Amino acid sequence: MSAHETSAHEISAHEAALAAPIAGAAPPAPEAPRPGLARFLGSDLWASFRRSKLAMGALAVTLLLFGLAFAAPWIAPQNPYDPAQLELINSNLPPLWAADGQAPFLLGTDDQGRDVLSAVLYGLRLSLIIGLLGVAVSGSLGIALGLVAGYFGGIADALVMRIADVQLTFPAILIALVVDGVAKAAFGGALDTNATILLIVVSIGLSFWVQYARTVRSSVMVERGKDYVQAARLIGLSAPVIMVRHVLPNVTGPVFVIATINLALAIITEATLSFLGTGLPETMPSLGTLIRTGNRFLFSGEWWIVAFPGLALAGLVLAINLLGDWLRDALNPKLQ
Amino acid sequence: MHRKTALLAFGVALGLGLAAAAPAQAANVFRFAFQGDIKSLDPYSLKESFTIGMHGAVYESLVTRDKELNLAPQLAESWETPEPTRWRFHLRRDVKFHDGSAFTADDVIFSAARVRAAGSNFQTNVPADAEFVKVDDHTVDMVLKKPNPIAIHQFSTWYIMSKSWAEKNGAVAPSPASAAAPSYAALHENGTGPFVVTEHQPGVRTVFKKFPGYWGKVESNLDEAVFTTIGNAATRVAALLSGEVDWIDPVPLQDQPRVESSGNAVVMAGPELRTVFLGMDQWRDELKDASVKGKNPFKDPRVRRAFYLAIDEDTIAKRVMRGQATPSALLIAPSLYARSGEFKRPAADAKTAKTLLTEAGYPDGFSLTMDCPNDRYVNDEAICQAVVSMLARIGVKVNLNAQPKAKYFAKVLAPAYDTSFYLVGWTPSSQDSHNILYEITGCRGDGKSGRGGWNLGNYCNPKVDALADQVEGETDPKARDAEIKDAFDTIQAEWGYIPLHQQALAWGVSKKVNLVQRPDNMLMLYWVSKQP
Amino acid sequence: MLAFLLRRAVQSVLVLAVVGLIAFSMFRFAGDPVNQIVGPDTPVSERAEIRRSLGLDDPTLVQFGRYAGNVLRGNFGISYQFRQPVAALLAERMPATLELALCATVFALTVGILMGVYCALRRDTALAKLFQAVSLIGVSLPTFLIGILLIFLFSVTLGWLPSYGRGDTVRLGWWSTGFLTLSGLKALILPSVTLGLFQMTLIMRLVRAEMLEVLRTDYIRFARARGLTTHAVHFGHALKNTLVPVITIAGLQLGSVIAFSIITETVFQWPGMGLLFVQAVQNVDIPIMAAYLLLVAAIFVTINLAVDLLYSVVDPRLRLATGRAA
């Protein structure tokens, strides 16, 4: 392929990756070689971490919330997903410290008599699972396509980048509506909750792969011309082996930053999908579903139904974003 | 220099714009918002309460319904039945359409044909066998093939259109759903009512202005009424609380205290005619999406009774509906059937329910899927969730499939009737029990007759169908009520449906406004007054 | 050079065709439009007749072919719910969305750049850290919740700003604008902030990062060495260099702002294209949905193409490459 087309793509990819709705996950300047992940875990990163109180706080909050989410089935007073445990008589109770509060509902109950604390713990768990799986799907898809596009160039590259263009035209919400509609039509009846989770994960995966693909692609384009890749090719290593073993480690840094910030975004997207009615059912609420349903009670004075899930979500996403932020700065040699 | 000129130009433009926007202030304007929109101005295109009510401000019918929903004269000054199959209407003489043309018998005959033409959504409002005959310019006869005591019961929403206007504007046929070109009548109106539509932006806003040439006296003191769609409930309530609108519908149950305590608005609540109920699939030989294979548990009346008894409607009405619902033993609202007081809802009894399930061969219960809309009725999804948790206590595991109404109705309605257990609300459009006995509890058969069109679980008892046919032609009100009672008794004894409640209407109304709330949930602009 | 542009143009058309096909075929699954058209009493036979007359029984490809042909002739069909041409409906709603997107972008640019510059120049002050943390909240709460909180605060509690709609609009030809009335301007504030918050955070952080990088370059060091004032260095040189990518990205983002206005428009009942789309989804109004998706795709592709063009003009590496290739 002619040289000018490649460079034009590179530039627009660079800009578009910046423009993509991830908070400031700047991809690397193509001309600077990226250090591998192994090297980050050396003393520089640790030292930078020790210097940043904000990063330490963010990590502490993140770990705490991950821990709570993991332990939810053991520490929650109620299983909010088991309808037999909900008593309508206990609905709309305020938190324990308010005048009408009732034990054991520390943070009050919602309109179905669901314990808000338990719902937040389980919802946190569900939101995190969806976020992590969504990031895993979009990450693997994006990295794979980015590697292929960057390494082979030509038609493969044009194809992947045009698909990326098409994809970028559709906000995640639209993709989710589509995937949801197609699946519901295909399966005919109701989907069980696991299938719904899978659907949301696929929707998120399909929405966010482009940033990975573009970042990986532009890095790979730089790496591909380097001597060590040429050497690997000369000794007869196959393309997949070269890509995975030699090229991939050099792009892990930026990918990790994108993944962190995408995790936050995936959790928010799930919440927005709930707002538009394609999220998880109210019988198995994630944080987003809890906020959507609780949102109805904002004017009526039953603030605890929306406030606690809202705080949990904001806290989680904020902590992850701060971590991603710090990580990006720490991995950027120019800012050292 | 250039910059200054541009600034100046902007300032002038701003001033002009502000000046242009100012004059509307002097008039007495009523602003109101509904969760949905006025889909079309063609009065025969969509049978939906709010839209029909809005059409009622610009169009009029021969016979209308007054504030208590009694039949009352409107374009027909009076009517009589010289023989059981002949109805004679004496038309008002001083009526003008909004385009200035006079209202005559020809317009009635034209409208009778148009409302029953293909593409009309109001075909059943006028009996199919009725023939309209012009006696003179201001007298029309309706000739029926067999006697029908409720022949004019749905006339109040059969609005009269102008023949000459429709012919001139190519709107003779009702705006068909499949229109290849935009319909004139969907975007313009020419009624005889007290208001004219001066602006209609579908889905955004519609502006009504007083019609100076109106024949009658109007209670309303409005000069103008501006309608806006506000779909989001929180935004709608906020608009009322901040005084940006004078009327909203609906007010979510939980926001009612807040509206009441705001000082500038009140909640007007009254029982609605719609009954919300649960239906069960008694048609398929194997229940869809359920754990029981090879048979359908709902074919066993004990299972249906177990479901009925497991659901504690009183708690649903108190908690989920916050007291704004009337538990119902019937599929029809008490005000629409004189003897409804004789029916009692059996008290909730989870223990008996569990025993019944064991007797029926399901000691450990079973699992099934429930279909539920989540944007159609008041707190629909919350009701379904409460049902799910009540059934869980007798061992029935329900997988709740709550969806927006577009998807929900596509799934559960004809032709697929793809549901095992569902929630629906129904208002009989004729305000009469026969509609229920025909649409909801009538046997579907091969589906060609239209009977049982909304009998999604196909509850079927030929005795009920026979009674329904008897009710239709019965002219003696007492015998009629007895036949209806017989039919409802039969349905209840077989636990054919699980009626839940009549939901309460909840309008949010500014304290500056005086208006009438009818149980059919229609807002009639001609009864709205506002302190200027 | 010309070949490159031509190829990009052809690719853009292909993108649009694919979007059209996807948009069209996916909504085959979104529910049955017939139930939205007719009332509950309509018999089954009539429903079938409507299905047939709408062409809903034909194979999907035939339906798409018919649709694509009409689109090429400028006919996007008739909306099922409004019974009006879709093109007219979209044209009527477009000014609302574009004005909202413009205001949101202007808000994001102004506040984002100011905060970004401050954070870069006073990197270690408490205020800079506060800005960064606060800006993160904008991306840590779902848009719909932010919108509702703003309504709750500014409309219901304080009563300062309207909670819904565009206020009074003035017609300038076919364009209806909210810029010329007081109520129109007031109505723009909350939705613009809600919609722009995300972009604001993005721009703030981009400006900060770019500024920090530029401040380290030799070019700035020389400027300092030449004895220029700090003010001149910061704003005359550093900021100027930062702004080019920032404005490019704001331009590129305009497409997504328009697409993402769906949620903001829903919360504020803003009568724009996004709200029309959401209503169309709820009512399974396929012609509106398909036309909206095509429009968003077209806007996006156009912006992308324009940026590519701009770069091929501006970037010296490209010119060099072209020279060599020629």
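Think of it as A, B and C in the order they're written, each chain with its own count starting at 1.
Here is the rule we go by: contacts are C-beta pairs under 8 Å (C-beta built on N, C-alpha and C of every residue); 3 or more make two chains touch, one makes a residue touch a chain.
Because the structure is predicted, anything quoted here is derived from the model rather than measured.
A.B. asks: So if I look at the partners of subunit B and the partners of subunit C, which chains show up in both lists?
C.D. replies: Shared contacts of subunit B and subunit C: A.
A.B. asks: Report which of A-B and A-C is connected by more C-beta pairs in contact.
C.D. replies: Of A-B and A-C, it is A-C that has more C-beta pairs in contact.
A.B. asks: Taking each chain's centre as the mean of its CA atoms, how far is subunit B from subunit C in angstrom?
C.D. replies: Distance between chain centres, rounded to whole Å: 38 Å.
A.B. asks: As a quick test, compute the distance in whole Å between the mean CA positions of subunit A and subunit B.
C.D. replies: One centre to the other, that is 44 Å.
A.B. asks: From the mean C-alpha coordinate of subunit A to that of subunit C, what's the distance rounded to whole Å?
C.D. replies: 22
A.B. asks: At least two partner chains per residue is the criterion; list those residues in subunit B.
C.D. replies: As it turns out, subunit B has residues touching two or more other chains at 234, 238, 241, 375, 404, 407.
A.B. asks: If a residue has to touch 2 or more other chains to count, which residues of subunit C qualify?
C.D. replies: Residues 30-31, 148, 152, 156, 266, 278, 281 of subunit C each touch two or more of the other chains.
A.B. asks: Can you list every residue of subunit A that touches 2 or more other chains, as numbers and ranges?
C.D. replies: 181, 184, 295, 298-299
A.B. asks: Write out the stretch or stretches of subunit A touching subunit C in their complex.
C.D. replies: 2-5, 7-8, 11-12, 15-16, 18-19, 21, 23-24, 26, 54, 158, 162, 165-166, 168-171, 173-174, 177-178, 181-182, 184-186, 264-265, 268, 271-272, 275-276, 288, 291-292, 295, 298-299, 310, 313-314, 317-318, 321-322, 325, 334-335
A.B. asks: Quick one: in the complex, what on subunit B touches subunit C?
C.D. replies: Going by the criterion above, the answer is residues 13-14, 16-18, 20-21, 24, 33, 37, 39-40, 45-48, 118, 121, 124, 175-183, 186-187, 201-205, 228-232, 234-236, 238-239, 241-244, 375, 404-407, 409-410, 413-415, 429, 439, 447-448, 450, 453-454.
A.B. asks: Under the stated contact criterion, what part of subunit A meets subunit B in this complex?
C.D. replies: 82-84, 86-89, 91-92, 111-113, 181, 184, 188-192, 277, 281-283, 295-302
A.B. asks: Under the touch definition given earlier, write down the residues of subunit C that touch subunit A in their complex.
C.D. replies: Residues in contact with subunit A: 1, 4, 7, 11, 14-15, 18-19, 22, 26-31, 129, 132-133, 136-137, 139-145, 148, 152, 156, 198, 201-202, 205-206, 209, 212-213, 216, 245, 248-249, 252-253, 255-256, 259-260, 262-263, 266, 278, 281, 293, 296-297, 300-301, 304, 307-308, 311-312, 315, 317-318, 321-322, 324-325.
A.B. asks: Which stretch or stretches of subunit C touch subunit B in the complex?
C.D. replies: My answer: residues 30-32, 34-50, 53-54, 78, 80-85, 89, 92-93, 148, 151-152, 155-156, 159, 162-165, 168, 170, 177, 179-184, 266-269, 271, 275-276, 278-279, 281-284.
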